[in-house]
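Chain naming follows the written order as A, B, C, D and E, and within any one chain the residues start at number 1.
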């Protein structure tokens, strides 16, 4: 991947000399590949658990397999499955293999989530990993946390959950939009843009990012000259694209999920240079099959978390060979691993007891990077600090991660995002 | 904890040279952009100095705070960057004497200014020169023209699907909520055939044929048996909802939830006088119009066309006139399926993109078009859909973009207030 | 109540004034595209009488009914019912005022039983207001009365056996009967019947005529459109003839039916001829053919009908 | 025109027909009628007797539970309507007998749906019978007056040129002249070799022109005889014909 | 595969407040469509008006519960009237599309970002049911209703919801068997005939629209209470489709049909899920994964819907005879 990163760097610098003044000049790519956060433990060398449990730890998932976010489901589910595999290979939690039950979250139009939650709760799960969409999470958070079960989202980024009245049972591995938005906005300005246009998905995710990008653009002295919203379920974006292009901004941020696949061709057809385009985690994905080669070359995007390592990708493919995307796979993996560790630390599979341990297994203590490694330390009486695929993960009392890396990616000539640089931030 | 972050970051940086060993401009030298101080510090204050879009080289910036002073001079691309030892508040100043002749800071730009940073490793501040940020405005006329063209294309595309819907409604009385899925299927089939390696000129007609076949199978498998049993229109409508759900999720099952592109989905923009229009859109505009006119003429002029209207009016009497009602309805489903599939393909090029719910997403607009024009009339479907398309696009001149369908829907309601039978529909005689 | 005073005031003729009109229409016009469906200068309908409105097909009789009862709006015109101006008044208000019409193409509430159809016609049912509907004691009594009234009418109209069947299961003639019986449930001041007996069995028609005459005795005014001249002759006190939207003749039935213009345009010279008697048949035939000679060539067409029918047979025989 | 005209072979023979709309409720309870070559058959009876049901059952529009319908030697019981049309049977229903959104001309075209080439010729014939239809051929049937619709419905049947014609109250709603005209044309067609079965409430006129007639009551053929016989039968008069026309 | 658990799941759904909300809304549709013939495809809009009309006053100006309730009902009555003015003159099929459009307009308007402070835009509103649960007289603890156990909060909302359903059924039943109801049915069959008999058809239609709409908005409130959140996306056309499904499953011109239909609808959803996931998790089905099961389940639901309508088009409680006169 380093090889293609190189060519894109050349391209952009070449264009800086020749192309029109509006073309941006971003800080040099630092390249980089995803690295495992640290050495994995040896599952064979894990000592036996000191605690026991009557019922094995049972975790439910509430991830989208239908509805408009259906494409986000597979990597997330694979992430959780991979974690479960690894945990059980290391002997499970409290002496028993853990169980995982998958249910569909649908999207907010189908209201399938409530039903799935009822089903999961009736099966006695201790924690539910999900939902992906902040909107869905809001409709079920009362139900889940009201039943004394942990809700652990790998992908909710809405700031609202920070202050939600959740009995301390809502947690998430995805950083709130605050950080990604700030870093992206600032990064765009550091590329020399003065005016920014945005095409934004009108939902918790989109508007959260949008307002943070806007704040940082404005505080850097730039101006957001066009903001066009579209709704989930909208499917043609010509008016949004046209009016953003009409404002002739130096940079255009596309805050969307899959809709980017329809938005980008409209933008580039209108003569927008790829290097003016910026994406976010919802849409910084591989477009090699969707767009003509070179279309996105030089465009950039941010994804929270460190770059997905080759190792991790391979392991995920082992779980689900059909995977194409990696979005939130790390966050999902980390969610399950953290739950298992906290359960082990609590010596219990009760939701509230697990929740009480989440903060401590994520921060302050001896670094460890997977279940086998961490649980070895834990059973040896040590204090652990789990760092996962999604970042260093240290929870605050609200259940939010307090620090995170935001990876910046740059598209190569094949329309594949390549790691460009990484910025750390605290919340 | 902080140390841990730093360590992580260091690890990343360390891995970087390995990856970029062959890079022409080694990233270890930020001096490629500008020579500055504090290159080793991870926390940086930076910016780009441009005058009317041209980067300025050699402008000097200083940062002062927390007992540290750093300075930088802009590079060839106008960018500057000062590393600082820790986050916090710094006073940043642009040395105006280093600006070229005749260039000054824009009005209202503070200099020096206080830049505060917390929690992120980089902070940017811009010094705007000259007139600062100038907002770009297009004239209302050209905006209107642009939206009208977009609306016309969108409307014609809706019309193609709407004609199929209207035909089926007109002949069988069925409000077919599965029509969206028939639209989707056209695009999905086109995608499937194309990804089997067929050239487009084979894949697209095959997809239309597939749509026709779907219409045929639907009628043979569901609607005809239901008619036989004398099932009422409302239960049939619910059946169509069930069918829509089943088909939609079957497509999801095989196709997945993501968006895919058909070959040739990115098309250049053609400039025709004052109008600029993507090539694909222009082609689809012409195809829609031609197909609709042909269908309309067939219905008005041919025997079988008249038979469809006769069946619509009174199936029993149609049978008593020697019309094979089932055959006529079958034909209508086949044509409706083909038109929907064609609409789906054009829709996939217009958006652009193929997804499992693409038809469902425009179903309401299709219905609105059909209704506005007058249910069951082909020209009504055409006129109504074009109006819906135009209103969707033109209303964005005043409405927020996320309300763009509202404009069209309100107009439809208002028109029906004046003409309850739709624009081209006919009022029934009482008594 | 045998009122033998003359109906018209002054000279009898199209649009003449009546001694005691219940309905007066002035300059009512309605055009569809190019067709003048209704163009009535002046017409008055006498109170407490039975008036027949006759005229060729497409003369505008039904359209006039639609206009007068608020189901259609005229291009111009004014009309008063019992002195009240009705132009622009909506259909249900017209009915409330006591002017109730039936439809030529019957309208029955298919998925309501025949009895419910009848009950729906009744007026002054307090339970029809939303507020009182929830308190059955307020409307039970009235419901009982209504049902009795309905049962009497149903028996008269020979629909009693169909009382609790869905109206959708009625035969064509039974629908006509229900339509009329339902209108009578309203107990209107003026009942306007649009071809009430078309499709009704003649024996039954005959027995209903007395009922209609009784209505007059009860103080109702009847205006009806009918093509059955026996019926017109039998019960009408007054006949109004329309043609091409205009009132062309008026008068007592015996007079009007002797009017040559009416005979030419509407009745035909031989409508009383017995076709069973072959002489009569030929008379009529000759007459009609003579009429038709002026219009499109009937003769060759008839021949061709015969010819092609024979061809048809041959075709079948070959098959 | 009558007795000598038919040679005895039966064109339509309905035997013991039992039919109804709802399972379990029979409207026709074993009804038998017959029309021989070139005969004009009248069917009269009180409202709700099942006359229309009989025609619809013969034409495959109502479910036949038992009994047979034989047309020119072929058993056509329960065949679909359009099949019957191609075997030379034409039908004019009592209600809903035009296509409202089609123009008059298109309505008439539907009459010759299976033989579009004959349209010109047949149209001229129908125009001769009902000149007003030709004059307003472009008007939509839905906007026509009741009588005009009836003319269109009759016209459509006359277009068909069938071997057997089933008419359900063709004269209802027509003005007296038009009624006479209609009866006369039906008679003419019949004389040209078409067997006609006609349901009528204008019973006297019907009995006057028909060769034979059936009186239908409660789903059965109660009386039968030549038109003239029935017209004179006091019981028939009392129960079905009334005396109104006579007193006039 | 644990059949007891699957049945338990189905039973849980049958008594859930969401099912009660569906029942109320479908009952409203029975008034609209089943009895008056108004093909209202905008019931989701009424539900949205109820939900937002309830949540906004509480969140925006701290309205007490009864006031919020009143505002919600008033808002939906006003919506019904505004909707009725242009639409009640329309033919049934036109009305269907216009009401869908109106409901979608409502949804777009509460979704638009320009009204975020009031409506919360696409995120919706949350945390407004405190005053409702504060009224809960049931002491804390765990209660069981048959095999289902629930806490005091769940019991309270179920009690309220199903009591409302019962009251609404009673109300509709009384209205429909009154002469007022007869006029509605007459209008359903032929409004011109009813007009000719001197009834103010427009007013009756409006009354029916308002009553059904009020039931819809009550349903909207019940729907939000257990979630403590309103989400605009919940109120899309799909919801109306499902309501119609429930209505027709039960029988459209019946009072108990909509209630039964909602129960069946949710039981089908739950059982298909239970069977499918059960079969996969216990290894009976190996060729699909649980990821795909969510999709298969919907395919099954769609097919089940079709089959039900094909084999019992009049609904469970409906009268087959009515259908033979379409």
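Convention: a residue touches a chain if its C-beta (ideal position, glycine included) is under 8 Å from a C-beta of that chain, and two chains touch if they have at least 3 such contacts.
To keep track of the chains, here are their UniProt names: B, E = Branched-chain amino acid ABC transporter permease; C, D = ABC transporter ATP-binding protein.
Note that the structure is predicted; figures quoted are calculated from it, not measured.
Q: In how few steps can one go from chain A to chain D if every step must land on a touching chain?
A: Minimum number of steps from chain A to chain D: 2.
Q: When I count C-beta pairs in contact, which pair ends up with more: C-D or A-E?
A: C-D
Q: If every chain is reduced to the average of its C-alpha atoms, which one ends up farthest from chain E?
A: That would be chain D.
Q: Report the most central chain, judged by the distance from each chain's C-alpha mean to the global C-alpha mean.
A: Centre-most chain by C-alpha means: E.
Q: Need the CA-centroid distance for the pair chain A / chain C, whole Å please.
A: Their C-alpha centroids are separated by 77 Å.
Q: Using mean C-alpha positions as chain centres, tell me how far chain A is from chain B in Å, no decimals.
A: Measuring from centre to centre gives 25 Å for this pair.
Q: Express in whole angstrom the distance between the two chain centres, defined as the mean CA positions of chain B and chain C.
A: 60
Q: Counting in whole Å, what is the centre-to-centre distance of chain B and chain E, each centre being its mean C-alpha position?
A: Inter-chain centre distance comes to 32 Å.
Q: Going by the touch rule set out above, which residues of chain D reach two or more other chains?
A: Only 21-22, 143 qualify.
Q: For chain A, write out the residues touching at least two other chains, lowest number first.
A: Residue numbers touching two or more other chains: 66, 70, 73, 202, 229, 231, 233.
Q: Where in chain B do residues touch two or more other chains at once?
A: Counting only residues that touch two or more other chains, chain B contributes 249, 252, 400, 402, 405, 430-431.
Q: So in the complex, which bits of chain A are touching chain B?
A: The contact residues of chain A facing chain B are 1-3, 5-6, 9-10, 13, 16, 20-22, 25, 27-33, 35, 37, 64, 66-73, 179, 182-183, 186-187, 189-192, 194-195, 202, 220-223, 225, 228-231, 233-240, 242-243, 246-248, 258-259, 261-262, 265-266, 268-271, 289-292, 295, 306, 324, 363-364, 367, 385, 387, 392, 394, 403, 405, 419, 422-427.
Q: Which part of chain B faces chain E closely enough to touch in the complex?
A: Where chain B meets chain E, its residues are 169, 175, 177, 222, 225-226, 229-239, 241-250, 252-253, 364, 367-368, 370-371, 375, 400, 402-403, 405-406, 409-410, 412-414, 416-417, 420-422, 430-431.
Q: Which chain A residues qualify as touching chain E in the complex?
A: Contact set of chain A toward chain E: 65-66, 70, 73-74, 77, 101-104, 106-112, 114-116, 118-119, 122-123, 134-135, 138-143, 146-147, 158, 160, 165, 202-204, 206-207, 229, 231-233, 320.
Q: Help me check something: in the complex, which residues belonging to chain C touch chain B?
A: Counting only chain C, the residues touching chain B are 62, 65-66, 71-72, 103-105, 194.
Q: How about chain B: which of its residues touch chain A in the complex?
A: 1, 4-5, 8-9, 11-13, 15-16, 18-25, 27, 30, 32-33, 42, 46-48, 50, 52-55, 77-79, 81, 109, 119-128, 133, 135-136, 138, 143, 146-147, 150, 154, 249, 252, 256-261, 265-269, 278, 350-353, 355-358, 361-362, 392-393, 396, 400-402, 404-405
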